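Think of it as A, B, C and D in the order they're written, each chain with its own count starting at 1.
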Amino acid sequence: MKRFTREQMATRVARDIPEGAYVNLGIGLPTTVANFLPKDREIILHSENGVLGMGPAPEKGREDPDLINAGKQPVTLLTGGAYFHHADSFAMMRGGHLDICVLGAFQVSVAGDLANWHTGAPDAIPAVGGAMDLAIGAKSVFVMMEHVTKSGESKIVTRCTYPVTGLSCVNRIFTDLTVIDVTPDGLRVIEIVDGLSFDELQRMTGAPLTLSATPG
Amino acid sequence: MKRFTREQMATRVARDIPEGAYVNLGIGLPTTVANFLPKDREIILHSENGVLGMGPAPEKGREDPDLINAGKQPVTLLTGGAYFHHADSFAMMRGGHLDICVLGAFQVSVAGDLANWHTGAPDAIPAVGGAMDLAIGAKSVFVMMEHVTKSGESKIVTRCTYPVTGLSCVNRIFTDLTVIDVTPDGLRVIEIVDGLSFDELQRMTGAPLTLSATPG
Amino acid sequence: MIDKTVASAQAALADIHDGATLMIGGFGTAGMPSALIDALIAQGARDLTIVNNNAGNGETGLAALLKAKRVKKIICSFPRQTDSYIFDALYHAGEIELELVPQGNLAERIRAAGAGIGAFFTRTGYGTLLAEGKETRTINGRDYVLEHPIHADFALIKAERGDRWGNLVYRKAARNFGPIMASAAKCSIAQVREIVPLGTLDPEVIVTPGIFVQRVVAVDAADSATRPQAQA
Amino acid sequence: MIDKTVASAQAALADIHDGATLMIGGFGTAGMPSALIDALIAQGARDLTIVNNNAGNGETGLAALLKAKRVKKIICSFPRQTDSYIFDALYHAGEIELELVPQGNLAERIRAAGAGIGAFFTRTGYGTLLAEGKETRTINGRDYVLEHPIHADFALIKAERGDRWGNLVYRKAARNFGPIMASAAKCSIAQVREIVPLGTLDPEVIVTPGIFVQRVVAVDAADSATRPQAQA
């Protein structure tokens, strides 16, 4: 079956980030969106550890251990960027100042509940970082994930079985099969990968979908 | 009757401010304490409007309208001083970081309740500024005031009749007649102006006093 | 290209509506955005709720806005000053509503709005007239009052320099309420002495990052009546 | 004369007692005060409660402190990292207590301690495992959890430059938790790359005013293993 590649997913997410947006990209797959932002748009990336205007990775040998992203990878600062302390940084996230955050997920529910921090396995060491702050704080929360787990279970669910990160917080879901808006009326499909029918998509999805009247 | 002059009062308050103390001096009489701080001590003055390390008034003609104190009078900045915003400035006050504040008062009660912001007169326009923050926030609250009102009533009372600024917050009272510690056991006189007896002082004071075993 | 600079104070304030809540920076006249206030008076919006530390001095700036009868309510800590006679007269005539807030609660409530805090317990004001009717709680043996954030539709602030991303630096104690007000309003408008090219402001030294600022307008030096001739 | 500079990390930490609560700055290794942590290990205090964003990387710094079994409890947001194997082993062996806190609540609780806030309502964590048993409240239609401040006996932080009054500036994203931790501890100790004469730090640019800092110690540049060869 045909699927969006990771690059296509990142490109698709990037397309929905407008000029001038303040954006936080979560650890993992969402971080790669930075590489696909349209070059003709000025988009300002926030990093929870006190950076606004984060730029790409430095050249080899130019890494600075005092300038890293949330994933602790070396980054750079764009002209116009700024540093600030942790309470100020999280005030940006929690105070509703970020336009968009992009997060990975284990599960997203029909209601827009997000589970992305903890498998709930009894021996797992829990770690949450800034995920709960981003989930409730950004004006729009985008989730970027595989449509199904490795064992074929839908990650879109009627109700999260993993511990949640935040309730009713997800606005749009980008998977390797589709783009879905989370609305008060349920999940509306706005895009499907070429060659996959709506019915086939619905069969692979653990919650009811509707097809948008105006697919994007 | 002999009284401490205002200069003597300010000098006396200044004597109780140790080397290295962070101090906020309230509007009015307390502000004058700055002129009597011992020259051999480094004392750091805080101003609520975002200044730490406040220095004396500038020379005539060197005033800067962007560098003022809480009373909106022009001041200077000492070497080593810093500027910050209002929430940070009040965090210093409210978070218990100031060693001492010196405030004027209408009344102080046996319990250390302070009334200094409002006469309660129905036609008075109330104004509070930072008085309530200082009253509850500084490690030590010094009050500096005339012992009695113009009509001869004691400003030290069993219970404040004016609206209070803060409860159980005053630690030491400096008047033109005496210096008094507010303790859990009541008001303890540690100093009396020359020529005034304890009994005479007690008669002019609206709350019971005890004489400190070790007068200062 | 992001460009938050606006050509004039008039253009920067065009969409302020009647009944809006406005934060106005400044402590007395230090940090007061006089050019923006003058433009606001010309703009004509009325029934405004104003959040400021004071209630105007003399007859310029905030006092002029009050005099023009544009203000329905003021939220401040210290209205009564030697030169606050315009406010005093309106207050005694019952023509303006006053919400008096201890200055630290004012600052913290503004900061809370910017930081997404729903409410907070503060010691300031406990047991006083200004906490009457408010919820209280004893935490670890100390008494606190519950206070709520103050949000605004617009913030009008004054900074020293700004760039096209909205990054700001301030000057001395004129900083005061500017940074927290910028964070608490839906639309924050900064009057600056100078707009500088992006990158001019050191990233270590930017006080208000541009995320908190929607519009930046340079005002004539001549307009900044409070600038000193010589710096102290 | 005020002089908060201390000759050595050893001297700066001499009075840290068993059972103390310590905040340690840093996000991963950026801003981690490695020289102070090494001195703390040598000093010997045990049964410590540590507040940090993480739970150590590799075997140096905070991880080394954990490895030396000095830590009873850690309060952090993100213990599990690719190189957090020392913490992982202690945790699985039941030899360390973990209080997991969402990072924004961690920062805000630290800030609240420094600012005298008794408790605050935050949206972060509402409806999740990390808010179980906590008081909740709906304010203006949104759901919040009540969180309390985190105070500390000592804060160990890393800054770039400091002076004898304790004023500090930081370097890039190594600033992170330093300023808020400095405000939340009874005794804050800053490791700096350089102690500069009073007045060297621009008053507009000081990030942590000295009121929040009790001790400043310069560490050898060689000791600062994380310093880059060339600045990016």
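Everything below uses one rule, namely that contacts are C-beta pairs under 8 Å (C-beta built on N, C-alpha and C of every residue); 3 or more make two chains touch, one makes a residue touch a chain.
Computed from a predicted structure; not experimentally measured.
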Open item on the list: Need the CA-centroid distance for the pair chain B / chain D, whole Å please.
Closed with: 35
- [ ] Give, as an integer number of Å, the spacing between the C-alpha centres of chain B and chain A.
- [x] 55
- [ ] Could you put a whole-Å number on the gap between the CA centroids of chain C and chain D?
- [x] 33
Open item on the list: Can you pull out the residues of chain A that are in contact with at least two other chains?
Closed with: 77, 83-84, 87, 90, 94, 137
Open item on the list: Show the residues in chain D shared as contacts by 2 or more other chains, in ascending order.
Closed with: 108, 111, 115-117, 122-123, 170-172, 203-204
- [ ] Just say which it is for the chain contacts: an open line, a closed ring, a star, complete, or other.
- [x] other
Open item on the list: What's the complete list of touching chain pairs for this entry?
Closed with: A-C, A-D, B-C, B-D, C-D
Task: In the complex, chain C residues that touch chain D - done: 108, 112, 115-123, 137, 139-140, 142, 144, 148, 169-172, 202-205
Task: Contacting residues of chain D [partner chain A, same complex] - done: 27-31, 53, 77-81, 87-88, 91-92, 98, 100-105, 107-108, 110-111, 122-130, 143, 170-180, 207, 226-228, 230-232
Open item on the list: Help me check something: in the complex, which residues belonging to chain C touch chain A?
Closed with: 1-2, 111, 113-117, 163-165, 167, 183, 198-199, 201, 203-204, 206, 209-212
Task: Residues of chain A defined as touching chain C within the complex - done: 19-20, 22, 42, 44, 46, 52-53, 77, 79-84, 87, 90-92, 94-98, 137
Task: For the chain A and chain D complex, residues of the former touching the latter - done: 47-51, 58, 61-68, 72, 74, 76-77, 83-87, 89-90, 93-94, 118, 123, 125-133, 136-137, 163-167
